[in-house]
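Across the two complexes that follow, chain A remains constant while its partner is chain B and subsequently chain C.
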Partner chain A sequence: MDVLALAEGPLLWISLGVFAVGLVTRAALFLVESREKDKIFWQHFKWKWVLATMAKWLVPANRTVAKDPVFCALAYAFHFCLIVAPIWCLPHIIYWETSRLAWSFTALPDGLADWMTLAVLAIAVYLLIRRLSSPDLRYLSTASDYVLLVITALPFLTAYLSVHQSLGTGNLLGDNMQLIHILTGELMLVVVPFTKLSHAVLFFFSRAATAVEFGRREYSI
Partner chain B sequence: MNTAPLSLKQAVLVLALLVLCAPAAQAQPDEVLIDNSKVLGPLKRSAVAFPHGTHMAALDCLNCHHRMEKGKNTLDAGALEEKAKGVRCQDCHAVKGTRIAPDLDPTQTPLMQAFHKQCLGCHQKTAALGKKTGPRTCAGCHPVAKAKAAAKAEPKAGS
Partner chain C sequence: MEPSTRSKAIMEFLKPRVGARVKSWLEICTKCGQCADTCHFYLAADRDPKMIPAAKVKYLSEIIRRKGEVDDEFIQKAYDCIYHECNMCRRCTQFCPFGINIADMIALTRALLFSQGVCPEALRSAIKNYHETGNQMGVSEEDWLDTLTWCEEEMESEIVGLKIPVDKVGAEIMYTINAREAKFYPQDIQEVAKIMHVAGASWTVPSKRGWDDTNLSMFVGDLKTSRTLVENTFARATELGAKKVAITE
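Showing the complex of A and B:
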């Protein structure tokens, strides 16, 4: 078994498993700990507030949007492209089709997937510049924030280079770009549950916690 | 068709001829351009230059060509001639509504998936066994440079 066979075989399933089980575990641990420690939160818990906050903060209809519309638009675009492009791009669907699961679904047009990939990359650069240029953000940032931004952007960069064979053929990087893409994607999946990227799931809990706190004090959610 | 077993002498002669012809056959590999634009419409990736000869040297015809009936491959390898019905994948594996040969066994696997399963699936399995095999990446079969060159060239109907 060579590296590519390893990467698109066992490593792929392991990384998807770590990602899924890891995130579910993070959520479960959070809930268990919260049940023990946040007695007041659970006494006042109301689905009404929680659902209201999700509706308000998952669509661009909140206070932050009005405060910083450009950043919000970019943040929404970043997350939308980051989630949608990898799930609905044609090459990934072909992997599902040829897998044991034999799943098949309609793919995004190649051109659109390309633009979404470029959008993720451009916004990642913007996020980096923003983090470096704002004194407040710089003070709050740790090394892991920068590393995670790079880990998040790498699969998209390598996807673009691989699909377009931008580095040509007959050289080590160019010939192995799809392998590098798979490995960087797996790296991102694996780090999600153990890092700040776990906000993929924990966002919903912190949002809910804030909503219940605000709700019981009758502040605007 | 004469199906009498070969005598030892005949067999040696045939083998010798095969061995003598082999270098010539390898020097000019039997390449097939897989362009299914008639079935699939405009292609999203470049057509595949399929080295049929290389595969013939390594595999039996019925490893790939098949007509499955009750889980068994009932295709007669002797009937595999270039223009015969049922030789090409698209004869049976066609997208709904565009089936080319309705009298052949229907199949639920659309053409593109059939190709990917057949080619990529076998390459992946063979690689997992540590054996030498064909490409397993998108660009390995669908090179981008060729797609660009094809787009520049005069547009023509698929073969």
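Showing the complex of A and C:
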């Protein structure tokens, strides 16, 4: 079996499995441990506060947007493109169609998927410059903050280079860009449940916990 | 204290208290820095990065990471930060995209240090007073009643018929004060008595534990004492059949 087949086959399923099972496990562990140790959260739990906080923070309708509109606009755009582009881009859908699952769904126009990929990259560069240029963020940041930003951006960079064959052919990088894209994508999926990227699910729990705490005290949630 | 004994005690304290919320908060913070300029300590310190709320939880995360193996110097640094650089106002949380409750984690760190015998001296003596007399200033029941009596007598020349009703069963309002008033500012008690009298309020003041409405033990995370103080006040209100508990300004 050659490396590409390995990356497209077993490694892909393993990384998707680690990603999905990992995130579900994180959610389950939160629920189990909070039942035992965060009783105050469950004693006061009300859906109205939880839903209100999601409505405010999943979309740009909160006070942080008013405080720092540029950062927030870019952060929301970053997350939107980061989630939508990989799920609805044509090459990925073709992969699902030809897989055992034979899933098929409508793809984004290629041009739009391209722009979304470039948006992720441009915003990732902005986030990196922001982190490097602000004394505050340099003070707060650890190595993992930089590494995870790179790990997040790499699948998008390699996707663009692979689709457009920007590096040409006849060289090691150019010839293997698709393989590199798959491997970097798998790397990102695998690290999500074990790092701060676990905010993919823990965001909801953290916001809910604070919404309940603030809701019962009649603070702004 | 022996470092190993301390680390064991620290971890025993933290184990039931570091739940799913705290663990998630410590992990998912993306260091986006949005909390920085929401903090008055940060702004007042000319934007010193050390004052960023997200940076202040590093003591708690370090203690957990090192499994409680921290020396006196570290404890002192943590103490300086959690008492002098954060007053747990929760403003940072209101701007955190994840709603990370930094104040909660500072409160937990204060409680942890208190469990190790570390807290501001003034609060330590207030807590001792709470245990001995039920109020932060250590005013005895005899002195408390004496203060109310002379306050009342002094005002009689000003307003005829003015009374400070003590332990009056069936009064609508049970009035409580900050024990500092009994010790240093009795004129505050007199002013309130005048207002109550003129307003024709049905009110009373309890003679037993529960008349001090301060709860300074909360600031060191001594929740057991905190609870006792609140229970005292509610017990007096129940005994007297008061409908409302009013607290001093």
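Some observations on this one:
What we mean here is this: the second predicted complex is superposed on the first by the 221 of 221 C-alpha atoms of A that agree within 3 Å, B and C clash if a C-alpha of one lies under 4 Å from a C-alpha of the other, contacts with A are read in each partner's own complex, and residues count from 1 in each chain.
Convention: a contact is a pair of C-beta atoms (placed from the backbone, for glycine too) under 8 Å apart; a residue touches a chain by one contact, two chains touch by 3 or more.
Nothing here was measured: the structure is a model prediction, and the numbers come from that model.
In the model built by aligning both structures on chain A, chain B fits alongside chain C without clashing.
In the superposition on chain A, contact is made by A:S104 with chain B only, not with chain C.
Geometry note, superposition on chain A: angle between chain B and chain C about the Cα centre of chain A is 170 degrees, to the nearest 10. When both complexes are overlaid on chain A, the residue A:S220 reaches chain C alone and has no touch with chain B. Within the superposed three-chain model, A:T25 lies out of touch with both chain B and chain C [touch as defined at top]. By the document's definition of touching, of the two partners only chain C reaches A:R207; chain B does not.
In the superposition on chain A, A:N171 makes contact with neither chain B nor chain C.
Between chain B and chain C, the partner in contact with more residues of chain A is C.
Residue contacts after overlaying the shared chain place A:P135 against chain C, while chain B stays out of touching range.
Annotation: superposed on chain A, chain B and chain C show a minimal Cα-Cα gap of 36 Å. Within chain A, no residue touches chain B in one complex and chain C in the other. Those residues of chain B that touch chain A in the shared complex are 44, 113, 116-117, 120-121, 124, 127-130, 136-139, 143-145.
Residue ranges on chain A touching chain C, taken from their complex, read 29-34, 36-38, 41, 53, 57, 62-64, 67-68, 71, 75, 131, 134-142, 145, 195-196, 198-199, 202-203, 205-207, 209-211, 213-214, 219-220.
On the chain C side of its complex with chain A, the touching residues are 16-21, 23-25, 27-34, 36-38, 47, 49-50, 52, 54-55, 90, 93-101, 104.
Taken together, the chain A residues at the contact with chain B in this complex read 1-2, 4-5, 8-9, 90-91, 94, 97-98, 104, 110, 162-165, 169, 178-179.
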